[in-house]
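Next come two complexes built around chain A: one with chain B, the other with chain C.
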Partner chain A sequence: MDYYLNLINTIGIHTLLGLSAYILLLTGQLSLAQAGFFAVGAYSAAVLTVIFGWNILPAIGLAMLITGFLAFLVGFPALRVRGLMLVVATLAFGEFVRMFFYNLKWRVTHDGVEVGPDGTMGFSEIRYFAEHGWTSWEVTSLIWIFVIIVMALIWWADQTRSGAVLRAVGEDELAAGTIGIDVTVVKVAAMTAGGIIAGLAGSLYAHQITMLDHHAFTVLLATFAIAYPILGGVSNVFGTLVAVIFIQGLLVEGLRFLGDWRMLLFGALIVVVMNLKPRGLFDSQTLQWIKNVLRLRFFRRLS
Partner chain B sequence: MDDFWFEFVEITQSIGDGFLYGSTYALIGIGFTLIFGAMGKLNIAYAATAIAGAYSSLAIFTLFDVSLVIIFIVSAISAAILGYLVYLTCFRFIPVHNHLAALMASVGGLFFIDEVIVHATRGSPLNFPSMFSEAYFEVGPYGIRGDLLFVFVIGLISTGVLLYVLFRTRLGLATRAVAQQDVAARLCGMSIHSTNSATFAVAGLLGGIAGAMTAAAVGILSPVMMLPLTIKGLIVTVIGGLGSIPGAIIAGLFVGSFENVVMYVRGIDERDMYVVALLFIFLIFRPNGLFGKTITRD
Partner chain C sequence: MLEVKFLSKNFGGVKAVRELDLAVNAGDIFGVIGPNGSGKSTLVNLISGVFPATAGQILFQGQSLSGLSPHARVKAGVARTFQNIRLFPGLTVWQNLWVARNSVEDARAEGISYRWFRRSGPFKNEIDAMLEFSGLAHKSDELASNLAFGEQRRLELARAAATKPRLLLLDEPAAGMNQDEIGDLDMRIRHLRQQGMTIILIEHVMELVMGITDRIVVLNFGSKIAEGEPAYIQKNKSVQEAYLGQPDGD
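Moving on, here comes the complex of A and B:
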């Protein structure tokens, strides 16, 4: 049972990570910094609960604020450059964060045990859930409550004016600028929101996995983060969830018998999908097709 | 005073070593910049094809015990073939104006090449024949490592050949025409796709040489080298200015020296961190790089 709960946890955390890239993708920005924000969220929340002994909820909240502020700071210089340059800048930022944690040593003695991030050795013993007697079910519920809240918020924002503004910037910056939208403000806001969500995902990840290692935050994770919304398409938030279930559930777990060849498939899958469906698997065309099929079935049943 | 003199010699020495090694970054940067100049797109899988080229030359070397010159030629040719394959799979059939899809596809290509190499070698690093590593020249208080000098000379020669091809041949003329105005080039009867594939192959040739150079200077070949080379190549491209070949050369040599000095002062663990920080300084103060024109398109 725990195996399946862990899988569900991973799907939840990766959905949050994918959604953080989804918001940026709405404004037409491809960011490889999401793994970096994820790492910052993970380390700061873990430091707060392990070294300062905070309760988990305020720790997650502060970690989200820290990550959001960092994303805000990264947003300004990075957004002076556009498109492909932004990819380089965010890729470099992600690596910078990873190397920072690779070098970070902050050992504190608590009750005779030394805890805290230990450079290359990673940050182990994040035992908040175990110490406070949380069951696996409660951990999973906590993660999925956050997933549902974030998904609902983004879905709701998409129905309001702000969603239209984000998409307008994504479709055509110049046109969006001419109708009075401040493009820079919108992009920095999207970056900040993406950072906050990635920080939330990271802080949940840190406590669920109990052990942080800089190897977990490489470009591979950043690629996963943008692959979800790209494969799922940006027409709505559920595409991202479907893509996460497809990749994490089917490709990573379902094909476990293939061993390491799965990662090879991941690379090939991205190449194939981009060739066949450059705008994502669930682009408007596919959605229309699905709708038509459903409608046909429905009417056939009626007649 | 003696201490100061000693420090001075050590630092200038590491600047010199880094300068020589920086020629590999310059070649990779030129490759990125060539492809960007031709298509306005980034090929993230580029450095991966370079390392893959070095791997195939190593395979030839262990199988047939060929001479050292052959290693570079094999590496260049196989990287050129791989570069062409990357063009076919990640760029050729994706809509021209969808930059992000092509970029994403090339990221997929990077992982694919990386995983294939990890599988073929079981992830363990292999020894690469280093050249002239015994040679050592002493100039006053300084020493010049033979292998680094060799790498530098190879880099100079390949840059020279590239510039010749680009500015003195019909292929180079076509490449520059397509880079300048693809519509006009097509109207003049040039085929965009064959010119682009030629650009990818030429960039691949350079990359293969750079991959073999990197491996020869370090003495080992490992899949772990792929990502740092990608990131440093991209940093060099951005610092030099996207699309500028002289910019890539200068930035490559500069990044090489800079990282070597940082390594001398702060140690190898923090080296790459400061190189990335250098990129951010450039992004803030000179977002278009040293020689880049103001970017008008994404």
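Moving on, here comes the complex of A and C:
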């Protein structure tokens, strides 16, 4: 059972990570910094609960604020570059963060036991859930409550003028500027929101996995983050969720017997989808087709 | 209304606009014509802030526009359309106008919550009326990319007007249009002027320019070669030479 719960947790956490990239993708920014923000959220929240003994909810809240602020700061210089150069710049940032945690040592003694990030050895005593008697079900519920809240918020924002403005900037930056949209503000806001969500995902991850290792935050994770919304399309948030279930559930877990060869499939899948469906697997046309099929079935059953 | 003083723009060694002086009166429809490559579109890009000028000044209602980004110029009251239409193809027709409501008055009237966090602001009727006037009401929920060419032009004009500009720059709005569509465009431009907009019209379709403008400036190689009322421009020697080439002299 715990195996499946862990898989469901991973899907939830990766959905949040994918949604953080989704918001940026709406404004036309392809960011490989999301793994870095994820790591910052993970380490911040874990330091707060382990070293400072905070309750998990305020720890998650502060970790989100820290990550959001960092994303806000990264947003300005990152905006001076676009397209491929933005990918390179954000990739560099992600590696910078990873190397920072690779070197970070902050050991304190609690009740005779030394805890805290231990550089290359990782950060391995994040036992908040175990110490406070949370069951696996409760952990999964906590993660998915956050997933549902974030999905609902983004879905709702997409119906408002904010969503339309984000998409307008993503569609044509120059045209957006010449109708009075402050492109810089919109992009930095998207970067900040993306950072906050990646921070949330990271802080949940840290406590669910109980140990942090810099190897978890490599460019592979950053690639996953952008792969979800690219595969799922940016028509709506559910595409990202379906893409995560597909990649994590089917490709990574379902094909485990293939060993590391399945990562090859992951790469091939992205190449194929980008060629066949450049607007994502679930673009507006496909969604319309699915709706029509479902409606047909439904009416056939009625008659 | 708009004063352009000694304006120059160089692209590397190419002088696209050279030491240009212009003065546009409020309420006018001001024509800018000239052969291809004479710097007309560059002039629009300089006034709308798409790129900075190399030298010179642009004064709008007495205030300098230099250093302002495009969105700040829209807030100041300058809007434009593009020669090659630039809509938001993935947004619906209605949304294309919705995101363009960025004038200071609109922002103030709407308030933050309506402006950003509601499905449609208190100006829904106003946007619907604009679509009605543009003949696009029945396509309100279509994606802009699904519109026919003429409809896209009408939507782009409506989108620029939705920013409530005092000065509207039209960069070859009649390009690719047939006679009926040009007649329709003529009517729309006059209507915008009636609403209080000053208009700078860059155009190759002489029939439109000559019929509608109050004053015309003729550019050639980035410099002004003539300025005056349409009737004067039509008879001007140097204008004819710019378009047709110099007579051999025999």
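We take it that the second predicted complex is superposed on the first by the 295 of 303 C-alpha atoms of A that agree within 3 Å, B and C clash if a C-alpha of one lies under 4 Å from a C-alpha of the other, contacts with A are read in each partner's own complex, and residues count from 1 in each chain.
Assume contacts are C-beta pairs under 8 Å (C-beta built on N, C-alpha and C of every residue); 3 or more make two chains touch, one makes a residue touch a chain.
Bear in mind the structure is a predicted one, so any value in this text is a computation, not a measurement.
A.B. asks: Touching A:266, do we find chain B (first), chain C (second), both, or neither?
C.D. replies: In the superposition, A:266 contacts chain B only.
A.B. asks: Examine A:218 and indicate which partner it touches, taking first as chain B and second as chain C; both and neither are also allowed.
C.D. replies: In the superposed model, A:218 contacts chain B only, not chain C.
A.B. asks: Just checking: does A:168 make contact with chain B only, chain C only, both, or neither of them? Give me first, second, both or neither.
C.D. replies: second
A.B. asks: Just checking: does A:182 make contact with chain B only, chain C only, both, or neither of them? Give me first, second, both or neither.
C.D. replies: In the superposition, A:182 contacts chain C only.
A.B. asks: Examine A:38 and indicate which partner it touches, taking first as chain B and second as chain C; both and neither are also allowed.
C.D. replies: Neither partner.
A.B. asks: If you stack the two complexes on chain A, which partner ends up touching A:159: first (chain B), second (chain C), both, or neither?
C.D. replies: A:159 sits against chain C, while chain B stays out of touch.
A.B. asks: More residues of chain A in touch with chain C or with chain B?
C.D. replies: For chain A, the partner with the higher number of touched residues is B.
A.B. asks: In the superposed arrangement, what residues of chain A touch both chain B and chain C?
C.D. replies: none
A.B. asks: Can you name the residues of chain C that touch chain A in the complex?
C.D. replies: 48, 50, 69-71, 74-75, 79-80, 82, 86-91, 95, 98-100, 102-103, 115-119, 121, 143, 159-160, 162-163
A.B. asks: Using the touch definition from the top, list the residues of chain A that touch chain C in their complex.
C.D. replies: Per the touch definition, chain A meets chain C at residues 157, 159-162, 164-165, 167-168, 171-172, 174-183, 284.
A.B. asks: Quick check on the complex: what are the chain A residues that touch chain B?
C.D. replies: Within the complex, chain A touches chain B at residues 28, 30, 77-78, 80-85, 87-89, 91-93, 95-96, 99-100, 102-103, 218-220, 223, 226-227, 230, 260-261, 263-264, 266-271, 274-275, 278-279.
A.B. asks: Quick one: in the complex, what on chain B touches chain A?
C.D. replies: Residue list for chain B touching chain A: 36, 40-42, 89-90, 93-95, 98-105, 107-116, 118-119, 227, 231, 234-235, 237-238, 242, 269-270, 272-273, 276-277, 279-280, 283-284, 287, 295, 298.
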